[in-house]
Amino acid sequence: MLAAAGLTMRFGGLTAVADLSFEARAGEITAVIGPNGAGKTTVFNCITGFYKPSEGRIALTHPNGARFALDRMQGHRIASRARVARTFQNIRLFAGMTVLENLLVAQHNALMGASGFSLLAVLGTGRYRAAEAQGREKARHWLDRIGLIDRADAPAGELPYGAQRRLEVARAMCIDPVMLCLDEPAAGLNPRETDVLNNLLLGIRDDGCSLLLIEHDMGVVMRISDHIVVLDHGKKIADGSPAEIRADPAVIAAYLGEGDEDGVAA
Amino acid sequence: MAYAVQQLINGVTLGMIYGLIAVGYTMVYGIIGMINFAHGDIFMIGAFLSLIALLGLASLGITAVPIALALTLIFAAGLAALYGWTVERVAYRPLRGSFRLAPLISAIGMSIVLQNFVQVSQGARVKPLDTMIPGGFQIMETDGFAVRLSWMQIAIAVTTLFILAVFTWLVTRTPLGRRMRACEQDLRMASLLGIDTGLTISVTFVIGAALAAVAGLMFLMYYGVIDFFIGFIAGVKAFTAAVLGGIGSLPGAVLGGLLIGLIEVFWSAYFSVEYKDVAAFAILIVALIFLPTGILGRAEVEKV
Amino acid sequence: MITGRMTGALRDAGLSALIALGLFAPLIGLLTENGEHGLGLRGRPFAVAVVVVLVFLGRLIMLSRAPRTVAARAEGPGLAMRRAGRALAPALLVFALLLPLGGSRYYVDLATLVLTYIMLGWGLNVVVGLAGLLDLGYVAFYAVGAYSYALLAEAFGLGFWTCLPLAGIMAAFAGILLGFPVLRLRGDYLAIVTLAFGEIIRIVLINWVSLTHGPSGITGIPRPTLFGLAFSMDGGAGTFAGFFDIEPETIQRVTFLYYVILALALVTNWFTLRLRRTPLGRAWEALREDETACRSLGINVTNTKLTAFAIGAMFGGFAGAFFATRQAFISPESFTFIESATVLAIVVLGGLGSQLGVALAAIVMVGGLELLRSFLSFLAENLGSDLFAGIANELPLYRMLVFGLALVVVMVLRPRGMVSTRVPTVTLGPA
């Protein structure tokens, strides 16, 4: 599905990611873990087009066989054409807009097409109204799944933290992605909220969307991942199933060496 | 040839004035990441304060040029610094953490306020001043064209270099400078380490305004005429200089100032005087698009 | 406790007054003016004293008032505005429609001026209020519209109604031309580039004499017609007066122009309000909130900004064409940064994004000040008072001072008025 080969990212003299190769398979949840500063977010930013990698290739293959070279695409095209969606470590909702509006903005490209680049929408033709109704239905579907149907018309910035996290996932899903990239989705959530999120993510996987996630919470990673890639100092040190990773001495050394509290044992 | 040398001399002189103003833009940008639109108007206020001081000293009978200029410099720089401090306190500080456009709009508002305040209080008409440092000497002559270097130009160059030397020492060698550089690196971290960031920011505005006032005095002496509007154009040009040199970089600001001064003078001499401001503005646009980090600036990495 | 606060406040106010003394003693207290021996100084200690006392009292009042909570600041005016807006907007519309029936040329002229600014404000609101792009050179597009019409009319003898769409298209084109390279820039860079662009356009208008006639401007710009009927004073066949068989009077033309700008402004408002509820309008607002998130959702950020810029410019162009036809004369002097600043101040005072707010701000800041000026002149004439005459003469100078202060004060006190008055573009509705 997604294959990175020889990925390298340098900032000035600092090499954040060095010659990294890994694969994320279709229909699976792949987790990228590693101690702080291991280069996880940099990898993410390369995949989603926010950084241009210094070297290496990132290739995405759609279930229908279409191939995309993500390292050479503009940021917004990665979302609109290659259908890779992402969330952010520090939630980036449109805080002043309502929950429903957030979900409709995510359907921008589809609705723009249906509205004749908004001109038909200004004139209020039936075709656009039908498209917008459809967009609202999709939003309603996701609001149901994340349990926010009652807050649809509230400003997104007024939601509790956990709900904002779920809304960001739902918003990303509204672009109909084949791959969803999540940057620490469980950060700051309480155990109950984490459970809800886990179920949401597993549900998304079962619907056929592949997931790639960076996570610090090992409980989440071990429970929901099908495949784990471990980074340390910008290099891959392990790659395998949760059980394999748990037993890998290099991983344990990396975590113990860092003295990370969220260690593998958690 | 001689004509070009003369333009070179004129361009460097003008460039020093722009450079002094540009330092203020670049310092404030470096420390709080905003464009202080009102900075050009602080320069204008500095020029007016200088004019008032010179007239006042003359009416008190202090006419010895070096003494009068030294007193004027201290007076104008001191009061312009007070303006800089007040502007930051009143219009920018309350907005920290506000929405994205707020400081920009407030700065534009402050610029309009300062400009119209001077227009209302001092009148809209231009204020002429007789040359205080006349004369100069001829350094070369070819094809009947004499290249002249005036005492005024020498005075401007010497003053600028002296002020910049003091300023560089201040920033690189003193605890105050270290605090400023720490805030520039990371404002929040600096505040966690016990640096009074509010005070440091205030000091930045004060120094920037004082330098702009020095530039104002030199502008007044060099051109011999000022009005309430000079800050607008000079401000945009100095900002262009800061961008061209690499915003956030102090040597870059001076370098950019010299470049803009030279470009303006050569453009006027060889192409058209009417379009000299267009040339400066066009350079700003081109520089921002093709060279956004400037000559000596660092690339910014977007944090996601 | 109370006395402690009082002395603290007094000390603080005293300090403020001292700073004010430092700031204002030279610039207000010593006026540089041309005397017999060149430039001299004239003392004005009284004016300084007045300002310093005002600062002292102002600071004291500020300190004595209990600080309002953040919530009250955000919610209070917003809800009140929305509730008042529901009744106020239709009332204003009816008033605007009936205004010329009063028959006073002065008020119709003034209202026309106010409506021009309302239209400009609504146009700029698309760019600043909705898309969150600070455009400091909006006057450039106003100028492009005005000169497009004037030059087309001069060169090809085209009429107002033919040129109106062309002027809008030219202005939009200028917006795209400027926007394409610069809209990638960060917000503050964009602001200063638009500022520079506004100045470039003005300098070109002054110096490209063969095209624009330079500083002397273009005269004899044709007036608009009503379905081919001209508002000329000869009253012959084919004129408005001739067709309806009435006495030709200037007020007929003035009234017609008033309804033209009213219609243009209302179309602008209608279009903007509709556009806000389309995917494009929502993308603009999303862009204002978070550009990075927009990019991650597949929105082409540059193109979306470009449409906002172009549409805002187009309305500026329409307003410019109207300005040219109303004045019948244009020169570069009408298109200075002051105009951009005025329109920006109207948009900001109106609460960034609120259509009604923009209209109210224009009415108060443009209409209100002009009414105040004419009232003062009236007093001056009838009472023979030099004081009132002086204030009336200097009022336009103070206008920009007030605008500038207003920008700062609004940002400090209520910067995000727009969020609290925001009406959602879509609601979920029943399943």
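Lettered A, B and C in written order, each chain numbered from 1.
Here, contacts are C-beta pairs under 8 Å (C-beta built on N, C-alpha and C of every residue); 3 or more make two chains touch, one makes a residue touch a chain.
Predicted model, so just to flag it, every value in this text is computed and none were measured.
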Identity of the most central chain, Cα criterion: C
Centroid-based (C-alpha) most distant chain relative to chain A: B
Two chains sharing the most C-beta contacts: B-C
Where chain A and chain C are represented by their mean Cα positions, the distance between them in whole Å: 44
Rounded Å distance, chain B centre to chain C centre (Cα mean): 30
Distance from chain B to chain A - Cα centre to Cα centre, in angstrom: 47
Chain C: positions in contact with at least two other chains: 292, 416
Multi-chain contact sites of chain A, meaning residues that touch two or more partners: 50, 88
Multi-chain contact sites of chain B, meaning residues that touch two or more partners: 302, 304
Chain B contact footprint on chain C (complex, rising order): 19, 22-23, 26-28, 30-34, 38-41, 128, 132, 134, 136, 181-182, 184-185, 187-189, 191-193, 195-197, 199-200, 203-204, 206-207, 292, 337, 341, 344-345, 348, 352, 394, 397-398, 400-401, 403-408, 411-412, 415-416
Residues of chain A touching chain C in the complex: 48-50, 75-81, 85-86, 88, 92-98, 100-102, 104-109, 111-112, 115, 117-118, 121-122, 124, 128, 132, 136, 139-140, 143, 149, 152-153, 155, 171-172, 174-175
Residue ranges of chain C touching chain A (in the complex, touch as defined): 271, 274-275, 277-283, 285-286, 288-290, 292-301, 416, 418-419, 422, 424-429, 431
Touching residues on chain B, where the partner in the complex is chain C: 34-35, 37, 45, 48-49, 51-53, 55-56, 59, 79, 82-83, 86, 90-91, 94-95, 98-106, 108-125, 127-130, 232-233, 236, 239, 243, 272, 274-275, 277-278, 281-282, 284-285, 288-289, 292, 302, 304
